[in-house]
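The same chain A turns up in both complexes below, where it pairs with chain B and then with chain C.
Entry: the complex of A and B
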């Protein structure tokens, strides 16, 4: 019983620590420094959405014993699944570029060595972990170290803001100095950051890696329903730190180093060091997840053997796909592109690809052939359909808003 | 010069008026496009000035935090380095804008001076961060001055931008 409780607690903690990635970190800080907390409602909407769909994909994995993308290909046919694969893969590789860039930027904060020098080191470290380290260990270590990002929540309290003023910012409204188009552009970006497509593919494939069965449904649900909302609270605390310190100073976030300034104000060097560990862990964990997601989706679509539960020699093309994705990431970052800009674009393009990722999950979760008695209930279907509508609206609005606002101005 | 085979005189006669009509239409659009271009360009100048102000504020916060011993030296250095990059990016952005009218160009020149003047104090902040601890007073004063200059320039740009907007021009034309 005690061991079961420990496993559940560990699952929840890693879900919290693993919730944030470069997209969440950057977008929340940018939004907080420009809009205060007036877009915090988007995080709430995004967190409920990712809970709904991560739970569905976890259930598909636990009940059918197969990852979501395998079932999608079988259920929807190669053409539709191929379209889904192309969109998801493109966005996931772009997200991987952002994550590897994020690791490099976080390491730069701890060393003052230019991030371009850290990029190959970061990619090599990611590959070594993917090659050598067991799935559970990899997931737990990065998730638990990512928990140090709770330093942002601690900083909010240490900064001692006017709580009434902070609460007043929670009301959705367009600030005077910003246009409505820019407000909605960042709303879509924040939504895309919270519901990044790779997360559900990783979640369901991870379920297969962990050997989930119907018995594990309860703990999977607990991980999602408790861990993700607490992760969402960390997102809001990043925005709150920016809203308390950076917004009044007229600082618009355009680099990762600015994230540490409110932390320094609040807790000094020790808290900054703790948060930097969290930044490295969060981006490193997300880089592992996105690299794995490229391998998972490609292998599951093409019918290759996959999974870290197999030795690399038993799943060579799965490992090769991840290596190629990392090479692409390094290649892109070596062009001197700004990793923060890549991150900002990746969350917007994520929003564009969202319906293609999430519609098939809703379809499969309702198929009795795969799910038997565990098909979605009415409540889940209503919620899923409402979210599908929101996803379509966000996807359609993303590119026009990006053009009109010149990517947020 | 030789006649090209396959091109009929009828075709050439039809194309010529079309090209002429297109030129007339484009020429007619020119004055309005100039005003609109100025408004857009000045809006860009304003955005770049915001970036420069943000860079100055970032450097100031990094220096204050470092002086109070609240920010590790390496992290403060990265923050200041990023601020220098943002400030120089703002200067480049303002300097490479194409401005159509003299009035708007004068405002741009002032903005360019203000943004250029901000780069020095931000770079000096980074230099200060790299040296052994010493009083930060001079560095902070220079950053304060740069911030005030940028605020003044932003005000002037915003005023010019409001005047350059097409609706402002229309409003002025109506008695």
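Entry: the complex of A and C
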């Protein structure tokens, strides 16, 4: 009984710690420094969305034993699924670039060594973990270390803001100094950061990796329903930190060090050190997840053997795909692109690609042949359809808004 | 006025008579399904089916319409994604054949009664293992749970 409780607690804690990635960190800080908390509602919409989405894809994996991209290929056929794969893979690799860049930037903060020197080290470390470490261990360690990002929530309290003023910012409104188009552009970006497509590939394939069965559905639902909203609260606290310190000072976030500026003001070097551990863990965990997702999507579409529960020699093409993805990520980062800029673009393109993965999952979750008695109930379907609408609107709006606002200007 | 049928009776448009047992739709239940071996190892994705008329004519040689009863002889896979996406038909030698007799179950995946390591369809998997992944230290060991 005790060990069961421990397992549930561990699951929830890793879900909280694993919720944030480079996209969440950067976008929330940027949004907080420009819009205060007036976009916090988007995080709420995104968190509910990822709960719905993760729950559904986890359920499909647990009941049918089939992961997302096997289902997509089977339902959409080779052509449509192929286009879907190309888009999903492009966004996932872009996210991987952002995450590896994020690790390097966080390590630069800790060491003052230029981030370009850290990039190959970070990528090698990610590969070694993918190559040798068991799935559970990898998830638990990065998730628990990621919990140190609670430092952002602590900082909000230490900063002692005017709570009434902060609460007043929660009302959705376009600040006077920003245009409506820019406001909505960042709304889409924040939404894409909360609901990145790789998370879906990762949850469903992770369910297969962990050998989920119908019996595990309840605990997986609990992890998601409790862990993600608390992770979302951490997202909002990052925006709050930026809103309290950076917004009045007129500082715009364009590097990782500005992310920790409010932390330094609130808790000094010690809290910064704690948060840097969290930054490294969160980006490292997300780099592992995105790298795995590139392997998962490609292998599942092409019918290759995949999974970390097999030794590399039993899933050779899967491991080769991940190695190539990491090599591409290092190559891109070595061209001297700004990892923060890559991150900002990756979350917007995530929003564009989301409906592609979402729709097939929604369809299959209603297919009794796959799901038996576990097909979606009426409530899930209503919620699922509402989100399908939101996703399509966000996807269609993303590129025009990016052009009109010159990527947020 | 009664509408009357013109032209010869088109057998292929007649609804199928009810069959005993489970009815599978080739497109819905077979094509693009994951194929698993006897140990649950993924083998390939099912790309096509080879059909043969019960009187022995092969569907490749002659056009067979819906009026001729056919049986599935092989599951087909191979490096044929290009022709499936862009149209056309690859030469017969490009296909890898998995005999229908090896199929033991069709559910959310197609299960075979043989080991994937013995199949031609997985040669690229073995090549990658023997020449790249197997040569990197640690590639042949199970992942570590601690340390």
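List of remarks:
Heads up, the rule we're going with is that the second predicted complex is superposed on the first by the 409 of 409 C-alpha atoms of A that agree within 3 Å, B and C clash if a C-alpha of one lies under 4 Å from a C-alpha of the other, contacts with A are read in each partner's own complex, and residues count from 1 in each chain.
Keep this in mind: a contact is a pair of C-beta atoms (placed from the backbone, for glycine too) under 8 Å apart; a residue touches a chain by one contact, two chains touch by 3 or more.
Small disclaimer: the values here were computed from a predicted structure and weren't measured.
The superposed arrangement places chain B and chain C next to each other on chain A without a clash.
Set side by side, chain B and chain C differ in how many residues of chain A they touch, and the one touching more is C. In the superposed model, A:265 lies in contact with chain B only, and not with chain C. Contact with neither chain B nor chain C is seen for A:336 once the two complexes are overlaid on the shared chain.
In the superposition on chain A, A:74 makes contact with chain C only, while chain B stays out of contact range. Of the two partner chains placed by superposition, only chain C is touched by A:312; chain B is not. Once the two complexes are overlaid on the shared chain, A:255 sits against chain B while remaining clear of chain C. By the touch criterion defined above, A:136 reaches chain C but does not reach chain B. In the superposed three-chain arrangement, the CA centre of chain A forms the vertex of an angle with the CA centres of chain B and chain C, and that angle is 120 degrees when rounded to a multiple of 10.
For the three-chain overlay built from the shared chain A, the minimum Cα spacing from chain B to chain C equals 30 Å. Note: no residue of chain A belongs to the chain B contact set and to the chain C contact set alike, using the contact criterion stated above. Listing the residues of chain B that touch chain A in their complex gives 47, 50-51, 53-54, 57-58, 60-62, 65, 69-75, 77-79, 81-82, 85-86.
Those residues of chain C whose C-beta lies close enough to touch chain A in the complex are 31-35, 41-47, 77, 81, 84-85, 108-109, 116, 124-125, 128-129, 132-134, 136, 138-146.
Partner chain B is touched in their complex by these residues of chain A: 108-112, 245, 249-252, 254-255, 257-258, 260-261, 264-265, 268-269, 272-273, 276, 409. Across the interface of their complex, chain C is touched by residues 64-66, 70, 73-74, 77-79, 81-82, 131-137, 299-306, 308-309, 311-314, 316-317, 319-320, 369-370 of chain A.
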